[in-house]
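The same chain A turns up in both complexes below, where it pairs with chain B and then with chain C.
Presenting the complex of A and B:
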């Protein structure tokens, strides 16, 4: 092997990049992964929940050694008004090892060590400046004054794929397709304290997803996850709606931390981390080309993130796309694969994870245009429950009257039913 | 010219270090980085060897398993070899214990002409270790050096003193403590990082070095600086109103 030409150079040591590098190295390919953070994981931010099927697909049984936080057994969906909340709680112990709360940094650090162990070369603290393109073909990368050549460059640089954008190989990021996320991590003295706060058995995980007043009518949601001895609390806001609202995101984040239904999960904890990140929400119809001559794109860079309101998935798709990219190269055998061979990666995605994206076509548009979801419906739910539970000196209100009043709050019940039906279809 | 460089890992942010009940520091929450002045020491060594047209630079570090990253970093910017003093039994060792371990590690190397270290580390900052190492090795020493020029069999060292500069000729072999003004450390390239990734380092315990690092210093107390009072934002309806409130606040605080 020519020392200076790698089978593949992976740009970015997140879930997609490390998965591709691990897979390629395991198959005996020479792979160089370049990460700009001081370690893999240093620059990553996740809400905090991964679905284990992807880790299993990558690592087999060894995935169980991965440093995840807690297995999610309790799911809470919360409808929020400024002061109150109605929550729907599900205790799902039948799901075995399906989903875990995570902190990205330790998990990616571990995955990087696995990839290096498998033979991948990882260079951190280095930013790739540009792609080397000759005669329309991507042949490698330039970084810190060095030129590094490879048969294929796998771009896993995250939601803002500037390298591909600069070469005109990918569409520019459309603000309508991007949400902004912010997150706090609160640490507690012991894991028992977190057990108690979430009302779970020792070590069991819980996930809270909420919508309503906190985002002030902007399409978005809040999340709260129980980690081993910490709690992640954050929100995701539609960037266009947020910009139009003219509200500083810090104010919204503060409202989040102070909301009575959410503050109970972080009260008494020490704020140890906070961060913000873009979240791709463009959906199926905005996805870019997944490959070209000499390159593939995976994970967030490829827009592979899916928000259904009650689940937000990105990490598992990143892992799966990294696997698909690696398998495409492994199947192609040694040497420079043609653009046509690389297009097989898109076919793999098409047969795999893209089915989810096709099934939810239009969901994002439906949610962002149905602002009632974040204002009227939570208010309705809270008012109804408040009325049902209210006891005062005045004569009681029959249940039928309460429900009738609630229904009348919906100005156009038929249209509401239609809207909701449409939503159910897209989700 | 063969040079040994003493370099260690420090917390990137001292604010992230916690003081524990027994006066030790819990560094687990702080991101470890190579001591900035240690990078200057290494750069000085690499420049001297380059100027001499031959020789080796060996980086020596004392620290937990993660300190290997510092040795890798040293190799990526010019060190030829690295020695890792890795021994859980010596965690939290005092300055003299550290110096005895480091001196023993230097003694194992062949034909060391010069030992370079940072004068004042970013975390402990006792400035004691380089001089102690010199004493233990029975070598002349000079610290707080801001410039180095090689001469035949000696080093011309510039140091800043209260009323100017001082130039001191240090016969070799000797020990030099540099400060952060001595040079600007180079950055590694991708290829040099790749090469450093493949480097294998010698790992030694206190036992291997024949050193029993008994404690000579006892830390009586460790305190964190008191939290600063938050500032006050003064706003008024008009400029006049704001100014009045500001003056009142200044008078109230005893400033005016």
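Presenting the complex of A and C:
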């Protein structure tokens, strides 16, 4: 074996890349990971919540040392109008260590240290300029004027996979499959303050997902997470839908902080960061090729993110895909794997996380085309509850009348029922 | 300081003033085929269209590197002449501390 050739070069030190590097290094493979940020995590932004099964799969019991924020015990689903909200709150203390709120930068910094300790070589502050392709085979990368060679390049460059797109190795990112997210992080004086704001027991986490007027009829939603001593608040908007609306995204992001049902979570906090990131939401039928001659693609770059409205998952799939990529190479043994061997990675995904994507085929199309989800239904929920709770000098309105009036607001009840049934099937 | 400036002021950047990672052609932007969607679709409001002067300005400093402009602008998306979208080099650009 050529001493200058790495077993694998990983492009990108996010959840997918670090997972692949950690796994390969643990198995004794020579791995070079190249990260364009000043540190691993410097270019990453999450909503942020991670499902712990993936961390456990990567790290075993040691995942408990990972710097996550709070274990989520309270789930809130909010239907929002311009001024009001109806929320469905679930207090789920039976869920044991299932999911945690996170901030991506510190968590990835820790994971990078783990990967290095396992023997991975990590270079930060270095942007890969291009892939080295010879006779249709990816043989390495060019960065900072250097050519670095490897048996395999694992592309984990994130949702904008410029390297693979430029070589024509995967389809160009389709704007219809993407949403744009913006997030604020507010810091509070103490963790007790965050406990109080979210009405949770000391150290317990909470997650709020909302939909309705804030996205002004465009497919999207808002999120709010209780971190240890900070709160993450943000929104996600369908890129194409928002472009068509012609409204400034920033105005909407700013209005978010003023909404009475959301402002309560951030009032009194000090804004410490504002960020933005794309979210892949295209679903199963839009996923790219997962491998080719000399390369594999993982995480966001491979479109492995799933939005079901009430859960949004990306980081756990990134970790799992990084593991699957590494395991494919470990199983293949030393030396240059053939394109056929690398295709085994797709098979692994197929038996694993892709089952989730197949089960939710059509979910994205359903949500993006069912605009009533973001306008009519939240309004209906709020109006109905407002009518039920209303007391004035006039005679009361019987419950049946209130509900009948609500039902009549649905212009086409049969079509509505059919639409909702379709939604249940796709989600 | 208000609006986007106040938001970007709290976020950390390793600024490289001289090497924009995104390049547009302000003159060509006058005939934009994409409804100048960059102006409304950039979460960091880096694109400003001056209607009176018929002039687009883009400031790469403060860019959050999300990539939404690459998707909403046909010319950035297709890499038309005078337009390109790259990642910053040498660790420059946004430097999240929370993420």
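The rule we apply is simple: the second predicted complex is superposed on the first by the 424 of 427 C-alpha atoms of A that agree within 3 Å, B and C clash if a C-alpha of one lies under 4 Å from a C-alpha of the other, contacts with A are read in each partner's own complex, and residues count from 1 in each chain.
One rule holds in what follows: contacts are C-beta pairs under 8 Å (C-beta built on N, C-alpha and C of every residue); 3 or more make two chains touch, one makes a residue touch a chain.
Note that the structure is predicted; figures quoted are calculated from it, not measured.
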After the chain A overlay, clash or fit between chain B and chain C?
fit
Touched chain A residues, chain B compared with chain C:
C
Could you tell me if A:36 is touching chain B, chain C, both of them or neither one (first, second, both, neither)?
second
Of the two partner chains, chain B (first) and chain C (second), which one does A:294 touch, if any: first, second, both, or neither?
neither
A:123 in the overlay: touching chain B, chain C, both, or neither? Say first, second, both or neither.
first
Please indicate which partner A:47 is in contact with in the superposed arrangement: first for chain B, second for chain C, both, or neither.
neither
Determine, under the contact definition given at the top, whether A:278 touches first (chain B), second (chain C), both, or neither.
second
Which partner does A:248 reach: the first (chain B), the second (chain C), both, or neither?
second
State whether A:269 touches chain B only (first), chain C only (second), both chains, or neither.
neither
Going by the contact rule set out at the top, does A:140 touch chain B (first), chain C (second), both, or neither?
neither
Can you give the closest approach of chain B to chain C, taken over C-alpha atoms and in whole Å, for the superposition?
5
Show which residues of chain A both chain B and chain C reach, each in its own complex.
38, 124-126, 144, 272
Chain A-facing residues of chain B, complex
29, 31, 33, 187-191, 193-194, 197
Within the complex, which stretch of chain A touches chain B?
32, 34, 38, 121-126, 143-146, 148, 272
Going by the contact rule set out above, which residues of chain C touch chain A in the complex?
3-4, 6-8, 10-12, 14, 34-35, 37, 39-45, 64-68, 70-72, 77, 85-91, 93-99
In the complex of these two chains, what residues of chain A are touching chain C?
36-38, 41-46, 48, 103-108, 124-127, 144, 159-160, 162, 172-173, 175, 178, 180-182, 184-185, 230, 232, 239, 242-243, 246-250, 253-254, 271-278
